[in-house]
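In the two complexes below, chain A is the common chain; its partner is chain B in one and chain C in the other.
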Partner chain A sequence: MKQFLSRSSSLTTLQRRFAHLNILRNSSFATLTDKDITQFESLLGPNGILTGDAVEPHNSDWTKKYHGHSKLVLKPKTTEEVSAILRICDDKRLAIVPQGGNTGLVGGSQPVFDEIVLNFSRMNQIIDFDESYGIITCEAGCILQDLHTYLNAKGYLMPLDLGAKGSCQIGGNLATNAGGIHFIKYNSLHANCVGLEAVVPGGRVLDNITTLRKDNTGYDLKHLFIGAEGTLGAITKCAILCPPLPKFRHLCLVSCRSFEQVLKILRSAKHELSDILQAVEFMDGNAMETTLSQLNFKNPFESRLYPFYALVEVASNREGTETPDRLYELLGSADDLIIEGVVAQDETQLSHIWQIREEIASAYIKRGYTLKYDLSLAPEHFYKIVDDTRDVISRSPTFTANEKHSIAVTGYGHIGDGNVHLNVCIPGYDDHDLQDRLSGLVDGYVFEYVRKARGSVSAEHGVGLQKAQYLNYSKSENMIHYMKEIKRVFDPHGIMNPYKVLPDAK
Partner chain B sequence: MKQFLSRSSSLTTLQRRFAHLNILRNSSFATLTDKDITQFESLLGPNGILTGDAVEPHNSDWTKKYHGHSKLVLKPKTTEEVSAILRICDDKRLAIVPQGGNTGLVGGSQPVFDEIVLNFSRMNQIIDFDESYGIITCEAGCILQDLHTYLNAKGYLMPLDLGAKGSCQIGGNLATNAGGIHFIKYNSLHANCVGLEAVVPGGRVLDNITTLRKDNTGYDLKHLFIGAEGTLGAITKCAILCPPLPKFRHLCLVSCRSFEQVLKILRSAKHELSDILQAVEFMDGNAMETTLSQLNFKNPFESRLYPFYALVEVASNREGTETPDRLYELLGSADDLIIEGVVAQDETQLSHIWQIREEIASAYIKRGYTLKYDLSLAPEHFYKIVDDTRDVISRSPTFTANEKHSIAVTGYGHIGDGNVHLNVCIPGYDDHDLQDRLSGLVDGYVFEYVRKARGSVSAEHGVGLQKAQYLNYSKSENMIHYMKEIKRVFDPHGIMNPYKVLPDAK
Partner chain C sequence: MKALVGVKRVLDYAIKVRANPQKTAVDLAGLKMSMNPFDEIAVEEAIKMREAGKVKEVIALTIGDKNAAETLRGALALGADSGIHVLTDMRIDQDLQPLAVAKIFQKIMSTRSFDLVILGKQAIDDDCNQTGQILGSLLDVPSATFSSKIELSADGKSAEVTREVDFGLQKIRVSLPAVFTCDLRLNTPRFANVQNIIKAKKKPVETVNLADLGIDVAPRLKVEKVEMPSERAGGVIVGSVDELIQKLKNEAKVI
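Entry: the complex of A and B
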């Protein structure tokens, strides 16, 4: 038998970064053996597994916050292989974590201890595009950008668009119910996923792949898997309703002195432009400044920086001046709210402005260790939580004056949907003591604020590992009771993505 | 103690109309006693219950196909009362059927035997309208038309519109995941219901009422209740995302010689008008003729009748000629496909044309006993099933020549979403023998056709009693297995709307 596991790879150490979460490895799970690995290799072939150093990229996330200890990555090519894997794992009590593009922000797709990683990169086939309804059917490992490229050539686009589109996979998008910049126009994946295939522990395949637009036969189980973050089963295929590609897009970026002015522009845009409104996004001055400086982007307003920015995009299928005229009319009527505005004059300018907005997350990660909060809040709380968090840090005796000076607090996000991304960033990744003190203060403060404001502690990123202990801040005891019952139905041994979402479901 | 139940009201007879379904009353259910009724009366007050003759309208449906034997209607006013009712019913094993406006078509909201009827007509309050996202929060008993009227005054509309809107209730719409004429524009209730409150057997309240647009904290349980037809619990409140009311609507009705010509117009409309397309509906010549004659409507084409008709509606918020021009352009480019067309010149004409389409179902029910099938099918099967059903009947030795002549077979529906309503109608309601022979032939033929064509036996009406035995024609064994498991989680004693959707779930 081949030796895959070195003797030194013991699993006794709970990694430092999760110490405050008090997670213990579930002792009912088996520990992977060479015999197990041989069995998986004979199932998937030598290209179907990764061991040793090749596993490492799958143990960590791109924000450098989550680090697992998996010894094995499985790369199935078919639903049947996923089914066989989940039958073996369930039989042997081997825990497993499905991982898409690994672009999540809440530790949902990394192993915590020695869970096997279920990787979908070899399940990346587009199966069909149904022109009569605009429905694409594909495997879970398709990269979102690849789906956009394929659809654009046919005059369609994916209803979902987000900064990580070059790496994230549609299966992961579905598992986390990702939102993104076009949510205001095209709604959620619950709205646009018309068919789904998933495999559950024990290996049963739930085949609900269909291109029917309407199907009211029994409970719509696919919605359970959308947003379950791989804790109920693994999504293997999907059918997504795709809107026609708007032929003409017009984008403006405006700057404002106060957040209230941004809100007024938002209200006007929703009211006046609703039928052509494609996106309304927000960023504060810190987000703009950090993105420009970290990524060397050109400032659309030359060297001038402002406290608040809003992006408004409209689109239509019709050439002519009506659509841009309506955008200009909105800007004209909001003249007293806007310090300065630009309207993209061509695709290059449009892409440049979008790039600034979409790369904010990357810019902060480049700057250093970043606490990331993804919150749904009513308009009156949307930016107040950013101001208040900044205030709490500046008044805290926990930090030195220099430390306070180095901590950046920013708010940006999908203001049209009430979804703010609050980021708190310290330069570099080495000061673990400061990282712990910062998260110790801010985590509790932010989640408690959201609970009181009746918001959601996860608007679009999911719960993952980060927010599992805060689930009851947004969901009632009765709701959580039934979530646990449903977890038990699909995953009685708790092997699917353990420690996440409902850590004490067993 | 008051005497509510007469001694003669025994429950030994299974009503004739369900004889072919072979349903037996579940013997684990208790039989209602006067003591039970007194308990409910003391809970809800004298206006909170109906007994005796007042129950009868709740025992039958408007198509005169389903007749139950309930002795008691409960009319709670609050969620707390619903909770108390479902605690009592679960404790005593009293079966109960939630009933909204009782406008369903599949026997989903009528009792089969002596189930208590849970009526929502006193829970009809609009709780809130959130202008920032256009979200209405209301109780389950609100009538759809009332919600439209309330919202229209604020410049919004419900995303759902259907012929029964004057009677149907939003709770029933959600429980059946009703589709309707604007599905192509605004998508399903899974897409538009952002918050839901439901009460499950035992009385637990699942409060997920929220006006947040995004909330990814845990499994999205509300989707289980949307389309569960009251078999998991009773929906008590909801929050629905409402689109702005399009200010200007333009509607055309065209007639065609062949169904293929209708399909070509549909494809052009979807391709050219996608951003302004509000509805694409279809009806055949028999539907037009029957509706005009039964309801004395004026023929938009004077006395001329054609084999096929399509309605195309576009809408925008912008006055001016662009939107109607695009509709006229479409009609111009489809000139060789159209025999004759009319464009509504004002609101009266627009309403008149819509009324014809929306009253087809009523017209057939007025004509007589109607088998109603609500199917999702690919375009190539959409009308073929109508032709084939007509053919099967005409070739069948089961019917006399006179009977064949009296049977009307029609197809109409939401062609933009692939949803055909196949109706088979015989004049009057008295010939029970012919009714049985007809359903005996057509039920099996139609559902088998749909199974082979990989369609859905229920596009938007639900499963109810009518299609419970055909669920496996559209859903796999594994899917049905987990549906039953979920039924068991929420309703372990099977008291919620028994005999429907998953009749052997216990």
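Entry: the complex of A and C
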């Protein structure tokens, strides 16, 4: 019998890294044995499991913050296999973490301890495309970019688009109710998902795959799974309503003196361009500078740098200058709205400008350890929280002058949806002490600010591991009570993605 | 000094090219069109010359249907002072060919004086790389093609040009007036400024009907058929050397 399990235990280091999160491994979970692994291997075949070193990439996230200790990755090919897996895991009390493209930002898709990883990469078939309504039916492991490519050829696109599209899978997008840059135009996955198939612990399959646009028969359970981050069950298939591909896109990147100007642009864009508006994004000077320098991108403003930038995209199906002119008039003629603005004159320039916005996160990760906060706030708090966080850090006695100098604080994001990404970044990844001191100070400050401002501690990235203890900052006690009840209904033994989403989940 | 810059409206560089169902031309219906990338470089070079004080006026010229006005406006937004639009419904990606284009430029220039003509080295739709050369010949002036650097002399009578050629870089000196065609490394085109795009609407554009110019613009080459290259067949992994030999002999028929 092969020895799959290594002798060493790195659980104590794990506890140190999560000191401020205070998590202990749930003792009601079984520990994986070689016999279990053999059982899974005969269920899934040798291509269906990963052990040993091959497991490692699945244990960590790309922001280099979360490191689990799983010994086994399962890669089912069919819903039946997923059902068998969840039956076995529930029977044996083996904890399991569903994982798609592993592009999450809140530690929701990596094991915390030795949970089994349930990976969907082999379930990547597009099943059908309904041309009359634009509904695509596909398996959960389909990569978002692949779905876009398939749909583009048919004159459609996926209703969501985000920087991680080259790696993220639609199952993960649904589990996290992912937003992205076109949320402002196409709304959320709750709105666009018309059918879902999920498997719950114990193995029961909830088959609600349909291409019906309207179906009011009973409680709409699929909405529980959308955004549940894999804590109620595993999504295996979906049917998504896709909008027609806008043929002609026009993009403008403008610079602003102050955040008030950015808000003015947002208000006028939403009002004057409502029928053609595709995206409204913003970033501050720090985000632009860091992205240009870390990733070697060309500055659309040549060598000029500004405190704030806004990005506005409109689209239409008709050729001609009418649509872009409305955008250019709005931004270019108003007094004191922008300092200067550039226009993408062809698809290459359009991609270039979008790339700058979409790669901001990667740029900071490249620079070093980055605390990432994804917040929904009312407009007046949007940038105030960034300024206040900078202030709190600079006034804190916890950091030396040198350290303060190296800490970068930035705000950027989907201002069209009231969603700001606040990042706090230090160079490199080696200074664990500074990392702990930084998160110790900033986590509490930011979440408390958001709670007082009645914002969301997680606009779109989800709760995962990172914010489970802060859920009560955005949801009331009664609501969390019923969430726990629902969790008990679907997952009585708590094996499904434990330690995530719900506070003190056992 | 006055510079004339040619700008052509082509299928956007990033769009996948497909033949139309009749296989008579590239399918352009409903697809994004943009300024030829080498022409963007030409415009940028002319604007830089004006910013450096070497050139006083930059005039952009385009030939095409009414939609080509957008490309001209792009050039005006980038900084050209005025535009000339030669209006025609001929297909500019295959029926209006370099000899005709050069003749049109020559006719336009016959009533207006220019010191420099700056063109992209080729259009990305027909990839002819002929217009600049033919024009230089028609005008009986030097053509400096594949320019990767253009330095105008202080007295405005000549230019030193670095050209990209097969064996490396070549430096030549040409007397002005001259025709220049631009290669990729000449400069990096700027983004168009949104306030300039609005101002560009007020810049003068002269429209001329191609038919009124009295030139023979009939194509000298007839396009017989346009089709996509055949799909690359998938590779096959063979199990043994014997199988490889058998396939090379019987299927690929190369041995």
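We adopt the following convention: the second predicted complex is superposed on the first by the 494 of 506 C-alpha atoms of A that agree within 3 Å, B and C clash if a C-alpha of one lies under 4 Å from a C-alpha of the other, contacts with A are read in each partner's own complex, and residues count from 1 in each chain.
By definition in this document, a contact is a pair of C-beta atoms (placed from the backbone, for glycine too) under 8 Å apart; a residue touches a chain by one contact, two chains touch by 3 or more.
Just so we're clear, the structure is a prediction, and the values are computed from it rather than from any experiment.
Asks: For the overlaid complexes, name the partner, chain B or chain C, with more touching residues on chain A.
Replies: Counting contacted residues of chain A, the larger count belongs to B.
Asks: State whether A:Glu448 touches chain B only (first), chain C only (second), both chains, or neither.
Replies: neither
Asks: Which partner does A:Asp504 reach: the first (chain B), the second (chain C), both, or neither?
Replies: In the superposition, A:Asp504 contacts neither chain B nor chain C.
Asks: First (chain B), second (chain C), both or neither: which does A:Glu260 touch?
Replies: A:Glu260: touches no partner chain.
Asks: Pick one for A:Asp430: touches chain B only (first), chain C only (second), both, or neither.
Replies: In the superposition, A:Asp430 contacts neither chain B nor chain C.
Asks: Where does A:Asp391 make contact in the superposed view: on chain B (first), on chain C (second), on both, or on neither?
Replies: Neither partner.
Asks: Could you tell me which stretches of chain A are touched by chain B in one complex and by chain C in the other?
Replies: In chain A, residues 320 are touched by chain B and also by chain C.
Asks: Give the list of chain C residues in touch with chain A in this complex.
Replies: Chain C residues touching chain A: 12-15, 30-35, 37, 40, 67, 70, 73-74, 77, 188, 190-195, 197-198.
Asks: Which of the residues in chain A come into contact with chain C in the complex?
Replies: Interface residues on chain A, with respect to chain C: 247-248, 252-254, 298, 300-302, 319-321, 328-329, 331-333, 338, 340-349, 351.
Asks: Please name which positions on chain B make contact with chain A in the complex.
Replies: On the chain B side, the touching residues are 132-134, 176-177, 179, 183, 187-188, 190-192, 200, 204-208, 210-221, 223-224, 226-228, 232, 243-244, 246, 267, 270-272, 274-276, 316-318, 320, 322, 326, 376-379, 414, 417-419, 454-463, 467, 471, 474-476, 478-483, 485-487, 489-490, 501-502.
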